[in-house]
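Across the two complexes that follow, subunit A remains constant while its partner is subunit B and subsequently subunit C.
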Partner chain A sequence: MTKHILVACGNGIATSTVVASKIKKYLSENGVDVQTTQTRLTEVPSKVANYDLLVTTGQFSGDTHGTPYILGLSLLTGVGADDTLSEIKDALTKQEP
Partner chain B sequence: MENIILNEDLIYRNIDFKTSREIETFLADQLYENGYVKEGYKKALLEREQKFPTGLPSSQPAIAIPHANADLVNKTTLAVATLKEPVEFKNMGNTKEDIPVRIVIMLVIAEPHSQVKMLQKVADIVQNEELRKEFLQAETKQKLLQLVQSAIGDKND
Partner chain C sequence: MWSQIANSFMAGFQFVINCGPTVMLPIIITIVGLIFGLKISAAFKSGLTLGIGFAGIKLVLDFMTTNIGPAAKAMVERTHVHLNALDVGWGSIAAVTWASPIIAILIFVILFINIILLILKATHTLDVDIWNYHHMAIVGIMVYFVTKNVLLAVGSVAVMAIVTFKMSDWSQPMVQKFFNIPGVSLPTVSALSSLVIAVPLNWLLDKIPFFRKSKFSIKDAQKYLGFFGDSMIMGLLIGLAIRIFAGYGLQQILQLGVSMSAVLVLIPKMTSMFMEGLMPISESAQKWSQKKFKGRKLFIGLDAAVIVGNPDVITTALIIIPLTIAMAVVLPGNHVLPFADLAVVPFRVAMVVALTNGNLLKNIVIGLAVTASLLWCGSATSPVLTAIAKSVGIKLSTGGSLLISSFAATSMIQSFIVYFCFTWHPEFCVPVLLIVIALTWYYSDKVKHINKEAEAAENAMKAKD
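What follows is the complex of A and B.
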């Protein structure tokens, strides 16, 4: 089953592009079928309920409507990136019925 | 399409500013004077930095990557500045935390989806402490330009 990740940054264009592409690469190498959608942080509250996971590059402190949330800044900076990637995979695979 | 040719007029070495706002104002003015961005760019950039700061947590020397809406950009490029003294930017991942930044790479992007590779290469610079040190140690503007151009180029593909 395809998992859907909402990837958000300030403008929904620059850092989310880098992070979304790293997530897609890692998950496809690990056999998780995933689709990513990029958006602005300000649009997260109105969209996030329809996704399996929210990943942001910038700090997000709004309502995720119960959707699991992971800060993905490490995928940009490299510090702790491997941990973040496995955390993302775990968050998606745990939800399997 | 992917290859960006940097403009020497947008590369600044060892410049002296006190605040992130001063640096961003300066770079945005240069971009506007050189025709890379529209009139509203500077305002959007400064507003964005307040709401969604762009300091990146890393070992020293740390980087900030200010940017604003693609619709205010005429032509894709990077504006790069190394700073004489560290200037505090807020941490992108924790807006209460300050990051002492020595390298500013302003992402000036007109078509984000055709620039995935370039953006990834900027992320590679962020992740490469040695290269960041080389940026700071560059003794001339031409050397800095060459380092940045080579870091975002296709030589490794």
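What follows is the complex of A and C.
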């Protein structure tokens, strides 16, 4: 089943594109079928409820309506990127019934 | 024989330029990609993606100006509120920037300045976020457009780069403390520029106990003002409002509402094509530079997008957005009709919030001062920006009366000052500008030692070797 990830950053363009494409590359190499949607942080609360996972490039503390949330800053700096990627994979595969 | 080769090279160059940006962009970016060590197929795909992004932006801009142009004109005539410079958003400006024939030179100027400063240990920031170079490059493109002088253009971009890297150094301790992101600095002009106004104003406000001690806060701002942060709704409301004030019938009012909502949602989608195309180039630059500067403890330069999700930043922005629209109407001398860049107000206030340590009252006062500067500088430079957009083939279908502007490019005070100094009596202004920069640099690095922690870390690394 395809998993849906909401990737959010300040303008829904720059850093979220980088993070989304790294997530997609990693997950497809690991056999997880995934679709990412990019958005702006201010629009997260109104959209996030329909997604399996929220990844943001920076600090976010709004309402996630119970959707699991992972900070993706390491995917930009490269420091600790592998840990974050496997954390994302675990969060998605764990939900499988 | 050599002159023949040079001639045919120039003829080829002219041919490519005459093809227009959708053809020129893929070619230039492919070459840039090859220089950065991409395979030809990857480089070409990058280039083509940018060309597609430009074509997309052009479509949306044409759609926007045909729809909003006549209505904005009617609104000006009916209400005598003189807002004839439509804010088309930073994404459109970035597209125009990447479509300029001299962009390839300017990218390497910025990268070269960064490398030189790093080798000289004059900056701690490693900035290979090629995407955000457009904020610095547009100043050079505007200087070139006005002066037709490549040296002045290159000089202005070099100054932009130096100021940007130094400001991102100096703001790093504050950013790290307030947003809790270590090892990262933010050489994003769209956020840094506000500091030019915010730092002196904050110093001034701190002299007044009422501001310094203010505990003013607004609960649930996000809950009640949240719709100001939603592009769809913002576009709809502004579209409706413009045709209401322009005195159209209900049918047409509703049509513009949905059209403008569409524009605000579509522009970012088109802009993200640019980001996608440039990503492989940025990545390869990152790999190269990290190898090159191995053993140095540097700040990795990131897009300021990583800090604008902070709740204090969002609250401040949600309050500033409606005030920006109100200010545009009442501010004397303003011609900018705020629209697409209302979405990026969080970037303009993010550094302010860190500077005041989240003092909401000071954030609003400083935020409004920054807004006024954006509107004034945007009004002043909109004719040049409009002419450049036309020169890269963007049709502004409503005749001569409609101008374009944004809250990016030379609407930002840092870029405006550099642009102004390089175009208005540069023989006098540029030396003055350089002296001011040098004094600020001396004061921040040698007197106040703002980056003493980073200096200590670098020295410790050296001692270990």
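Points worth noting:
In the analysis below, the second predicted complex is superposed on the first by the 97 of 97 C-alpha atoms of A that agree within 3 Å, B and C clash if a C-alpha of one lies under 4 Å from a C-alpha of the other, contacts with A are read in each partner's own complex, and residues count from 1 in each chain.
As a convention for this text, a contact is a pair of C-beta atoms (placed from the backbone, for glycine too) under 8 Å apart; a residue touches a chain by one contact, two chains touch by 3 or more.
Everything numeric in this text was worked out from a predicted model, so none of it was measured.
Taken together through their common subunit A, the two structures put subunit B and subunit C in a clash.
Of the two partners subunit B and subunit C, more residues of subunit A are touched by C.
Once the two complexes are overlaid on the shared chain, A:S46 sits against subunit C while remaining clear of subunit B. By the document's definition of touching, both partners, subunit B and subunit C, reach A:I13. Residue contacts after overlaying the shared chain place A:G62 against subunit C, while subunit B stays out of touching range. Of the two partner chains placed by superposition, subunit B and subunit C are both touched by A:T77.
In the superposition on chain A, A:T36 contacts neither subunit B nor subunit C.
Residues 9-11, 13-15, 17-18, 21, 41, 57-59, 73, 76-79 of subunit A are contacted both by subunit B in one complex and by subunit C in the other. For subunit A in complex with subunit C, the residues that touch the partner chain are 8-18, 21, 38, 40-43, 45-46, 56-62, 73, 76-79.
Interface residues of subunit C facing subunit A in the complex, by the touch rule stated above, are 91, 131-132, 179-181, 183-184, 222, 226, 229-231, 268, 271-272, 275-276, 279, 282, 286, 290, 300, 302-311, 314, 317-318, 343-344, 346-347. Within the complex formed with subunit A, the subunit B residues making contact are 48, 51-54, 56-58, 65, 67-70, 91-95, 107, 109, 112-113, 115-116, 119-120, 122-123, 126-127. Residues of subunit A that touch subunit B in their complex: 9-11, 13-15, 17-18, 21, 41, 57-59, 71, 73, 76-79.
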